[in-house]
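Below: a set of structures, written as structure tokens.
There are two complexes below, and they share subunit A, which is joined by subunit B in the first and by subunit C in the second.
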Partner chain A sequence: MAALTKINRAGAQTRKDKRLGLLLMLPVIIVIFGVMGYPFLNAIWLSFTDKVVGGEANFTGWDNYIALIHDDIYWLSLKNTIIYTVGCIAAKLLLGLLLAVLLNKSIKGKTFFRTALLIPWAIPGMVAATTWRWMYDSTYGIINSLLISTGLTTTGIPWLSDTHLTLFSTMIVNVWRGIPFFMFSILGALQTLDKQQFEAACVDGAGSFKQFWYITLPAISSVIGITTLLSTIWTFNDFENVWLITGGGPVYSSSTIPTYTYVKAFTENNLSGAISVAVSVIPILIILIIIYARANKKSS
Partner chain B sequence: MVMKKKKRITSGIITYGILIIALIWTIFPVYWMIKSSFTVSNEMYVARPKLFSLHYTLENYIELFTETHFPRALLNSVEIAGITTVICLVISILGSYAMTRLNFPGRRFFRISSIFSYLIPTAVMFVPMYVFVSNLGFYDNKYSLLIIYPTTVVPYCCYMLMSYFEAIPTALEEAALIDGCTRLKALWHIIIPIALPGIAVVATFAFTMSWNEYLYAMIMTTSTDQQTAVVAINSFKYADSAIWGRIMAASVATSLPVTLIYIIAQSQLVGGKSDGSVK
Partner chain C sequence: MKKIGKTLKSACVLGLSGALLVCSVGCSSSSESSGGEKTGKKQLVFWDKSEYVTAYNDMMKEKVDEFAEKYDVDVDYVIVNSGDLEQKLAAAIESGNQPDIIMGDNTSVAEYIASDQLAEVSDVLADIDLKEEAKPYAVFNDTEYLVPLSLTAPGMFARQDVWEEHGLEAPKTWEELKEQAKIINDPDNGFYALGLPLGESGGGDAETFIRTIILDYGGEVVNAEGEVTVNSPEVLEAFKFIASLYEEGLVPPDATTWDDSGNNSAYTAGTVGVVFNSGSLMGTLKDEYPEIWDNTAIFDYPAAEEGGQSYTLGGANVFGIFKTGDNTETAKEFISYFFSDTDFYNEMVEAIGGMWQPVINGYDDTEFWQDPDNAVWLTAASNLTLTTAPAPTTDTAAQGFSNHLCTKALQNIVVNGMDPQEALDGLEADLNELYQ
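Right, the complex of A and B next:
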């Protein structure tokens, strides 16, 4: 009898939990599926219409996407975005890994270096981009001034006007700001490693490079994988950095998918065209997210 | 033995050499931002600027805070980031508690979707969101950001809070529940006090995320009294010229509070982690 009431009570408790669980989840559900999900689905519909700012949306089928296929600036922006993402990620990963390994050694002034090297990640991205824009300035910029006084160039480098260089100039800033994210994620992983393994390897006579390659790297590979994928998604979609430094120009030389989306929406007032640009890269993002999900599952 | 010592010294030199180069590369833009903010304009606009100024001045800051709309923008940032943080924490604490402690239908699905929605980037969402929020009647209104920011901040907070909540042993709560305590009371009296340090860290990150956000703040506000600080900085740039002294002063003023908060919060995280591993 006592056992029965216990079961009944437990049943009542689970029923209560079910109701309470849904109730507590309701705000999260509204945020994710209402405020985010609805505009997202609406956007996919709008990309099949001729919606402009302030205008009605009329169904036009695949017109926006067909227009994209014939749009040279779209392909240039896609190419730039891929160069930007791959180049920045490679640089951030290598430099972040190097610094993490150095900071994991027992050295003097560790806390100082760790705090100082975090600063680029801590300041607002908008401020970082603006400051670099000022340093790149063709007339009053400090970078060219320093290069000229060291005699490396005589006329200065046209960071913001040479169409072969503008994308690279924006990439430097993304790398500058993004290294600490890699450094800290990898450092966190390094600190959880088992010291005894290294002592054993040391006794076996493994050199420090061998140790790193055969013991350290495999042990932190899942953290590196997740960090890289997260950063890839952010870098692929980095708007403010490119926009505030070059505006995607001159003549679209540094245009990326996010800045081209913006230009289409707010300069050309072509909302449906802009949305189709953004929607066109969703397959790439889905692939990245699936890889992320797999990596995440493996690590946990 | 001597060889070994020599090797150690060389590796020490290389380590410090690389770290010092990294330090200069990291700090220099920050130095240049601060230096420019204190420089008088006739030293600023010269063809070959010097590394150090001869005369320092507070002029840029005084102008910024007395003659422009920047103080208003700073207050807007405090207001928007503050309210966003509070809303998102309440929503996320309740949701994370449900997702870690309560069995309800669809729990796994919601856990996964709350994490993945964090990965959907602003660059894809900003035009659809602009259409959506404009249709709701918010145009050139800073409060529209209170609708938009939770879509990125809530998934982040849930992700972090779920891991904190999962680390708290369920035994504590079960004892209280058997004594007739309700779930919500258990959350309030047991879970939240234990997770408080973690919640504080999540709150600071939520605050900095909202404070730093640029793209939405730029497209959703146009008049100067609605702008947040990061948008106001860019309003001192005009088509053909920019008031760089003022822009850099505004950049310093905008960065200082969040940078300090961020570094303190981050050191809490790193400190906490390493304490655990250093037996």
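Right, the complex of A and C next:
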């Protein structure tokens, strides 16, 4: 009987502690809801209205989403966003991994290379995009000038005017800027690896590739996973780079979801339409965030 | 002991919740104290466009301070980059913190008429001696909503040295310009004859140029009765002509993604022979590229045929007053005060160096405007036509211009190889949707 009373008391105490914990968290929950939750829910509501800047929001049901289904530019922008994200992430991961492995070796001038390779990440995005735009210019851009002077091409490549090239041109800049993030994240992970494992593997006759494949890669996989997921979310939402280099053009050939959202909101003054474009990709981002949260939990 | 622990826990919770409450109350009370209610002093929030020539913002600040002191008003004068104005205004309007006055280009400011944000300004305009050519820029939906501050007529900048080198005269027709362009075009050496932007992300240079050619060729995008009349043989001919300039390689290929700075950059880099631009380019050339300015001539706009009507489409800088703001009357008082000192106004316009043309009568014969370099802008301004002409100046017309629908149609022809008639059909459908 006494034992039962003890258990009941312990249970009551646990419930009290939980209640206290919740109560202590309440201020933070209120702040987070006010800063993020309310605007998010409001945005979803507005996507079901005919809201324009400064105007009343009248409920229009699924009209905005139905319009999106029939909007060719929306589908083109979504396709471009997926190509942009997958292409950039693959390139950044491969090149970042390669450079991290190289910089982890005892090479001459390692500090210099590490510093130099950080520069693209440190440069403000606007400066980088504007500079690349100048470099891509078909008339006075340095890239075409170098290609022609070295005999690689006879005429300039239309980096910014050929609809088959414009998205690729913006991807190059994103990859250039994003490699340092991958490189330094992976390099950090590489430096925590125990050298004895490699020595033991060497004694057992494992070559460089096998050491990399069976020891290095599994050991750094969680860091690669989190870095890739974070960068995927950032790349998916990248507006500045595309907008400043091509403006999403010509004829929407490099339009992505963020640039199309901007065009709808500020060029067409269609706020609810713009929000519906942004809201339509939230499921994709939620999936990525869930994967990230799980990977983070696993790694910790 | 248990009681003490319980009391401490409760105190902790109350303390944290209290801190949050204090914080929120603190936030609201501080904003109240910054408002005018407590002190009884009038308030004015003025968002001004950041101008290429800094003299403008300096002088406007001087006038604002003078007004603030004389009328005992707290004025918050904010200079906003023109590229950011729309986004910042959208956020301000949605949060209910819109300024009382904004200054920007007429099509951008007019966008807020549709959402019933701007106040009628007939009472302010009644005291301003506006020039005839400036009056249309005040009216929208048959009501005066905007106060013109300056006209911004464009000019045809041409490399005189190149024209002289080939023994060419200023072209009188668009076809003649094209023939001359073929002569001076030298892409192998990085020089293109024409710097005509065709990107949809710009502020409207491309759309203005296309609509100029349409009018010159006798076409109309929307007629004076507000009917969509773009699908006509005249507009088709204009489209074919403009497209041919790109298709025949007379324009740099990247121009299809240029915004409004693209043509400026190309001209200052010496890689194009002709651009159509406002006087802002003249200021840049004079200050930073004097060798190019010395070799530049401002040609008259050509016409579709010799002796035919030649239009110069352009805009204006205007004030808009938010009726949804708290200080509409103070805003009107400021604008009236600003225009009451006409000598100061003229001094300001002249300080900007020709890229702005005056909207009030009485200053055309000053030494500054008699200078041939500047007189050309005054002449252009006197023939200035609204970019949406001949359509009635409505918010729909402004939206049609801001959406760059003509530019997108032309892009489809030039970039995607679309048949001009098909592009025109698409443009007509887009305009009909907008006007419905």
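Remarks
Heads up, the rule we're going with is that the second predicted complex is superposed on the first by the 269 of 300 C-alpha atoms of A that agree within 3 Å, B and C clash if a C-alpha of one lies under 4 Å from a C-alpha of the other, contacts with A are read in each partner's own complex, and residues count from 1 in each chain.
In the analysis below, a residue touches a chain if its C-beta (ideal position, glycine included) is under 8 Å from a C-beta of that chain, and two chains touch if they have at least 3 such contacts.
Note that the coordinates shown come from a computational prediction; the quantities given were computed from them, not determined experimentally.
Subunit B and subunit C, once both complexes are superposed via subunit A, clash. In the superposed model, A:P158 lies in contact with subunit C only, and not with subunit B. Touch criterion met: A:K105 reaches subunit B, while subunit C stays clear of it.
After overlaying the two complexes on the shared chain, residue contacts for A:S138 are found with subunit C alone; subunit B is out of touch. Of the two partner chains, subunit B is the only one that A:P120 touches; subunit C does not reach it. Touch criterion met: A:G188 reaches subunit B, while subunit C stays clear of it. Between subunit B and subunit C, B contacts the larger number of subunit A residues. Shared-chain residue A:A265: touches subunit B and subunit C both. Of the two partner chains, neither subunit B nor subunit C is touched by A:L94. Using the contact criterion defined above for the overlaid structures, shared-chain residue A:T246 touches subunit C, although it does not reach subunit B.
In the superposed model, A:L217 lies in contact with neither subunit B nor subunit C. After superposition on chain A, the subunit C segment that clashes with subunit B is 255-263; the remaining candidates among 39-47, 165-173, 255-263 or 363-371 show no clashing C-alpha atoms.
Looking at subunit A, you'll find residues 20, 24, 27, 31, 137, 139-140, 265-266, 271 touch subunit B in one structure and subunit C in the other. Against subunit A, in their complex, subunit C makes its touches with residues 9, 12-13, 16-17, 19-20, 86-87, 89-90, 93-94, 98, 111-112, 114-117, 187, 190-192, 198-202, 252-257, 259, 266, 269, 271, 324, 399, 402-404, 408, 411-412, 415-416. Within the complex formed with subunit A, the subunit B residues making contact are 12, 15-16, 18-19, 22-23, 25-27, 29-30, 32-33, 36, 44-51, 90-92, 94-95, 97-99, 102-105, 107, 110, 113-114, 116-117, 119-132, 147-148, 150-151, 154-155, 158, 177, 183-184, 208, 211-212, 214-215, 219, 230, 233-234, 244, 247-248, 251, 254-255, 258-259, 262-263, 266-267, 270, 273-274, 277.
For subunit A in complex with subunit C, the touching residues are 20, 23-24, 26-27, 30-31, 52-55, 136-140, 158-163, 166, 243, 246-251, 253, 265-269, 271. Of all residues in subunit A, only 13-14, 16-22, 24-25, 27-29, 31-33, 35-36, 38-40, 42-43, 46, 51, 95, 98-99, 102-103, 105, 107, 113-128, 130-132, 134-135, 137, 139-142, 145-146, 148-149, 176, 179, 184, 187-188, 191-192, 230, 233-234, 236-240, 244, 257-258, 261-262, 265-266, 271, 274-275, 278-279, 281-282, 285, 288-289, 292-293 touch subunit B in the complex they form.
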